[in-house]
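Chain nomenclature is as follows: A, B, C, D and E, assigned in order of appearance, with residue numbering initiated at 1 for each chain independently.
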Amino acid sequence: EGERYVLVSHAPDSDSWWNTVKNGIKLGGEQMGVTVEYRNPPTGDIADMARIIDQAAASKPDGIITTLADFDVLKEPIRKAVDQGIDVIIMNTGTPEQAREVGALMYVGQPEYDAGLAAGMRAKGDGVTSFLCVNHAIQQPTVGERCRGFAVGLGVELGGSMLDSGTDPAEIKNKVLAYLSANPDTNGILTLGPVSADPTIAALKENGMAGQIYFGTFDLGEEIVKAIKEGVIQWGIDQQPFLQAYLPVVILTNYDRYGVLPGNNINSGPGFVTKDGLEKVEKFAGEYR
Amino acid sequence: MESHLTPLIQMKDIEKHFGSVIALAGVSVDLFAGECHCLLGDNGAGKSTFIKTMSGVYKPTKGEIMFEGRPMNFADPRDAISAGIATVHQHLAMIPLMSVSRNFFMGNEPLRKVGPMKFFDHDFANRVTMEEMRKMGINLRGPDQAVGTLSGGERQTVAIARAVYFGAKVLILDEPTSALGVRQTANVLSTIDKVRKQGIGVVFITHNVRHAMAVGDRFTVLNRGKTVGTAKRGDIAPEELQDLMAGGQELAALESSLGGTV
Amino acid sequence: MTETPALHQSDERIKSRSRFREALIVPELGGICGTILVFTFFLLTAHESGMFNAAGVLNWSVVSAQFMIIAVGACLLMIAGEFDLSVGSMIGFAGMMIAIFSVNMGWPMWIAILVAFALCVATGALNGWICVKTGLPSFIVTLASLFILRGLTIFLPQTLENKTIIGGIREAAEGDWLAPVFGGKVLTGLFQWFGEIGLIATFERGVNKGMPVVDGIPMLIVWALVLVAFGHVLLTKTRFGNWIFASGGDAESARNSGVPVNRVKIMMFMFTAFCATVFATCQVIEFGSAGADRGLLKEFEAIIAVVIGGALLTGGYGSVLGAALGALIFGVVQQGLFFAGVESSLFRVFLGIILLFAVVLNTYIRRIITGEK
Amino acid sequence: MTETPALHQSDERIKSRSRFREALIVPELGGICGTILVFTFFLLTAHESGMFNAAGVLNWSVVSAQFMIIAVGACLLMIAGEFDLSVGSMIGFAGMMIAIFSVNMGWPMWIAILVAFALCVATGALNGWICVKTGLPSFIVTLASLFILRGLTIFLPQTLENKTIIGGIREAAEGDWLAPVFGGKVLTGLFQWFGEIGLIATFERGVNKGMPVVDGIPMLIVWALVLVAFGHVLLTKTRFGNWIFASGGDAESARNSGVPVNRVKIMMFMFTAFCATVFATCQVIEFGSAGADRGLLKEFEAIIAVVIGGALLTGGYGSVLGAALGALIFGVVQQGLFFAGVESSLFRVFLGIILLFAVVLNTYIRRIITGEK
Amino acid sequence: MESHLTPLIQMKDIEKHFGSVIALAGVSVDLFAGECHCLLGDNGAGKSTFIKTMSGVYKPTKGEIMFEGRPMNFADPRDAISAGIATVHQHLAMIPLMSVSRNFFMGNEPLRKVGPMKFFDHDFANRVTMEEMRKMGINLRGPDQAVGTLSGGERQTVAIARAVYFGAKVLILDEPTSALGVRQTANVLSTIDKVRKQGIGVVFITHNVRHAMAVGDRFTVLNRGKTVGTAKRGDIAPEELQDLMAGGQELAALESSLGGTV
């Protein structure tokens, strides 16, 4: 009873997607009767994140749940935490192999590159030949991996098709419009989250290409779900961040209390959300999905 | 004759401390309408500090200010200005980047009504500025020349012309002639003379005995933050006054080698 | 009184300079040259990309209008001698407040908008009050507000709603009388007609088939123009404008001359906050959602536009029209780079180079023409 | 020459003030008070959280040392009257250059490091040169470099490697003679012994089992202390220090008095760049990878530390020791908030409030003690 | 007698334009060692601009500067200073936030060797500063008092004391006495006298005829950017000089009403 866990993410403060993760640990913590603290580097600087893991370890929690956004940077602090007797679970980014290497108990998440690759292969099957990838977080290396995977899956060069869009919705919208106007042969769009997806939807509605162009996105949000329903977006990749946060809390608690542990890593995604079966998704988008 | 009237301003036992520095240690001065009261004294005697308490820039640490017989407490220079005290500070109150005419009317902008709205009347401001500066002996190149490009004396003249133009009941001049040429100085002195005759009280700070003697009705000498004494015109000789201003020290030795009154 | 020599004497010391050259010496000069240059450049390099057809023009106009709205506030504040680094956070905060009030609390949209305005303008006043009272530089004070407002923008929706993006604002705004003032379009009839007579291209496919590509001028642009006009008149034609210049030029001197410097500065902080809130309101009404990451780095973009427009960072000199031109340049360059198909990760590099180029050009032109050494 | 009255006369106009109070009137005063306050606060509220055990102390020391390294540069530059907003981007850029040179191009580590230093210091010099030559405010010039450097830091690895993180630096640094100067640890023997006698907790499992949790003082901390000492001596004890004060206090007057203001400013820009590169090198050697997101917003953190440390943003006044204390306060507060378990989205709110509080306190204490009005 | 020697500085037909403003339209002045050359003229006549070209602050638009017979081209004030020209500018070259002693030695810091390294010798600087200021008649509270807290005259005295202390071959003083009290003025004038006797050339700008007559060997009057003429001491009466300074205009009317020479 009353164990204390710390979840460390690599996301900057303003990244709204991580909110679902916070909801996951909140619910997990309540249900298991443990406290879970959420920590992140305010600017998304991964070197700062390493210090936060050190700090978390120094405060002697019962376990740490962390992302592995940059293996090189984070392996040392995580391994040190493990060596001090703290149980660690890797979530969200990273790979099962890397998780094993740093001595973590297990990995729960969706390897970004692989998710992008799967999406790219799917899009290729649907006939996409050239694409635009709207990246609202160019400085964050993990998100870009999705584009890279997508390009490889599609079998085309990434080249100039990744758009450094910034986070201002009007600018994203108008940049997408400008890009599409300058590159009229583009027949597929990939957005990397609600921040880039919402204005892109608006852009497509404005230039009349909504529903005409192949459009996939990562992560879910209210507008995205609505757009899937309207047929503007073909699919959204849900990596189920709620599970990425909720499961480690449950697993760590049970491991601490009873010593039980699943025998394998858990891939929480990629799950393709399409028009079918949107009801629950719609209700909880941005909150638990 | 003045003693029968209430003074325009009465400053009683003013003290002003800056942290551990005692700039004024009890100075009393009064000013009647229509007189030119010269404030004299050595460097650092506290003259500027004193007139700043008079014009609302500083609050005195101790002491009382009476304006037209009523105790007065200026919260900031704006209060003093609206009470009718116009001041030309030693470090001029000019904005270098702004044009002469904007500076001239700063805080007293002339307005022109256009329907329900009031706009800055640039034409009027420009005209008056050129006119007033010409009266002081300065020919401006144009009213929209930036003050920052004027010479030191030209700048000072703008400040004085402004104070005189708006001067209401009291005009305070802190070393107005220090940077001025001969002609401009003569103009300022005769302006003081004219203003005084209109019934305005003038406080005039200077280090130049001749300038003081030329226009002063009364002379108050400060030394090291204290009043040394006040004398009426005619009661004191220039040489005596000069000795007082120098803090009572003998200047004879020096003067002889340099030929006459400095 | 000594009579001075006749006026014409003073002319001997001034080299003759043509009226045309005299007229050029305005703070807007750099902005004007920059605008001409930028348009020439993109007309030559990107005319085929659709940058100058109706949709393209609207595209960069909207982005420029956004910059203009915040640049007007930043410009007046900068001339008054202060900075506001919290503009970006304020945009996020204002949008979030509107979303919370209207969607979560279910208030009518117009009340939500008005309360958000009141909150933000009060925050601006608080910023100003702290600067004025403590004498601290506004850089530091508003840096603190930057953090605080951004923190609240993340924390509040998180606590109230478990989300950091709140949607459904468009629905909440339906039928409201105030919302269209920020999110609507004007002259839709005119554009419809333009489309019909073929002046403007029409959609060839999709749900809007047959409609004109541009179906009206967004209120955002109207707001930008209104604010620019207001700011320009305020600054150059009124008493208050003179006070703004004076407060920024030398606060001490201005105070000694009876200018209510503190009041002027606080009011300029409030005006900046007002502009930020206009920006935020237009944004949430248009996009229907408020996010915790809105407005990031907008404070810098505002400052950049103002400086490109010829204002001095140290205060006391500048022009609202210049700032508006700066915003136009900034918007056109930013969008133009995308129309021109420049590799997008090089976008920042270009932005930096153009910024530098613009300000250097600005200074240089001013020097050539005014003949400063 | 007139003989003046004896010296003691001048004392009548000064209120007596104790020696202790006199000694307090230093720019560092606010920093000292702040440090005491912050430590007291966290000792009371977070003493059980592990903040003050060996690992905890090391944690906030390292973070504070990081701040110190960039604060020293920012402090001297600010005293010289200029800003550098490109510090954060420079950190990212320097790290990325080291990574590209050593990993991609396969140069020996020491050459990579030295070339990166040369590049960055040259960039600093360029920043300074542009500011000095054009007379533009450094705010704008370095804002441009902020964009350019960040853009390059994203573009270069993107083009070369198709990603924005380059790893494998630790491997490349193995056996190099220069790398340990940035990434090594000192006093490892002493800490070993501490661990043996039980002064420091030891690892419980893994390959390091039985080793102390803290096994030495990172070179980062050594660099911080060396740079602070160097900056302090330079500023207060040398001719050049006097020039720094003079250049920032009033560049025009300093120039008229024969101070080579331009040289001083450019050298301070170079020193700031040097500090940023030290930061970056320590970071890449310690963590083994360079990313495009490194150093974001570090320029503000440096400025905040310097201002908390009592320097004036307008230049001409400040102290390196104060800036170091400011960095310490900032580091302790930032990590302490984590230790104290503050809700992470409120972190920024606290940061903002503390920043504001610190500077207000600073000004206020100075006023009380010096008796300014 | 001086005409046989080469002048220390010879300025020939100096012109200086600021944009469309012609501040100097051909001014020629020369300065011999051991003389005090007074530069006189109305406000805006161009005196400050002229001495700024002499001290390397401005580059002349046209004209030639000869220093000790060789043509000279100062790139910046540092060059002029190292050539031996010390200047006290009208708008003082003081840093308000810095202490008096740091200001005093700004650009000329005394060094103390500690091993291979050189440090600022604070003790020496403080001692000399207190000493020199005392000589000028100002008792400082301490050498680490900030210049910003000094009165206008005190500040000016620091600047003059500094220039005199470091003054090498030429000392330029731009209205040094304008803000000074009687005692300080006397000190400055006698300092000029002393310095001149040591063989240093002094350029002295003032608006006060009596100050000029007290120490000047030659008088050059500028008007509207041009040289009106140069006169030797004894060749010209104060009244004549005064008329020249005022731009040749009649001041009789004014003077009579204000009592004697201004």
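Note that in this section contacts are C-beta pairs under 8 Å (C-beta built on N, C-alpha and C of every residue); 3 or more make two chains touch, one makes a residue touch a chain.
Fair warning: this is a prediction, and the values are worked out from it, not measured in the lab.
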Any chain that touches chain D and chain B:
C, E
Select, from A-C and B-C, the pair of chains that is joined by more C-beta pairs in contact.
A-C
Rotation angle for the CA superposition of chain B on chain E, to the nearest 5°?
180
Centre-to-centre on C-alpha atoms, which chain is most distant from chain B?
A
Euclidean distance of C-alpha centroids - chain B vs chain E, Å
27
Gap in Å, rounded to a whole number, between the CA centres of chain D and chain A
33
Distance between chain C and chain E based on Cα centroids, please, to the nearest Å.
49
Averaged-CA centre spacing for the pair chain E and chain D, given as whole angstrom
44
Which chain D residues reach two or more other chains?
2, 14, 150, 154, 343, 345, 347-348, 351
At least two partner chains per residue is the criterion; list those residues in chain A.
13, 138, 164
Touching two or more other chains, which residues of chain B qualify?
18, 21, 138, 141, 183, 186-187, 190, 249, 251, 254
So in the complex, the part of chain C that touches chain D is made up of which residues?
130, 134-137, 139-141, 143-148, 150-152, 154-155, 158, 300, 303-304, 307, 312-314, 343, 345-353, 355-356, 359-360, 363-364
Which bits of chain C are touching chain A when the two form their complex?
46, 49-51, 55-56, 59-60, 62-63, 66, 92, 150-151, 154, 158, 161-165, 167-168, 203-209, 213, 220, 283, 286-289, 291-298, 334-335, 338-341, 343-345, 347-348
In the complex, chain E residues that touch chain D
55, 57, 76-78, 81-82, 87, 89, 92-98, 102, 105-109, 111, 118-120, 134-135, 137-141, 183, 186-187, 190
Partner chain C, residues of chain A touching it in the complex
13-16, 18-19, 22-23, 138, 160, 162-171, 173-175, 177-179, 181-183, 194-195, 198-199, 202, 207-212, 221-223, 286-287
Chain E-facing residues of chain B, complex
18, 21, 41-45, 48, 90-91, 138, 141, 149-154, 157, 175, 178-187, 189-190, 193, 207-211, 213-215, 242, 245-247, 249, 251, 254-255, 257-262
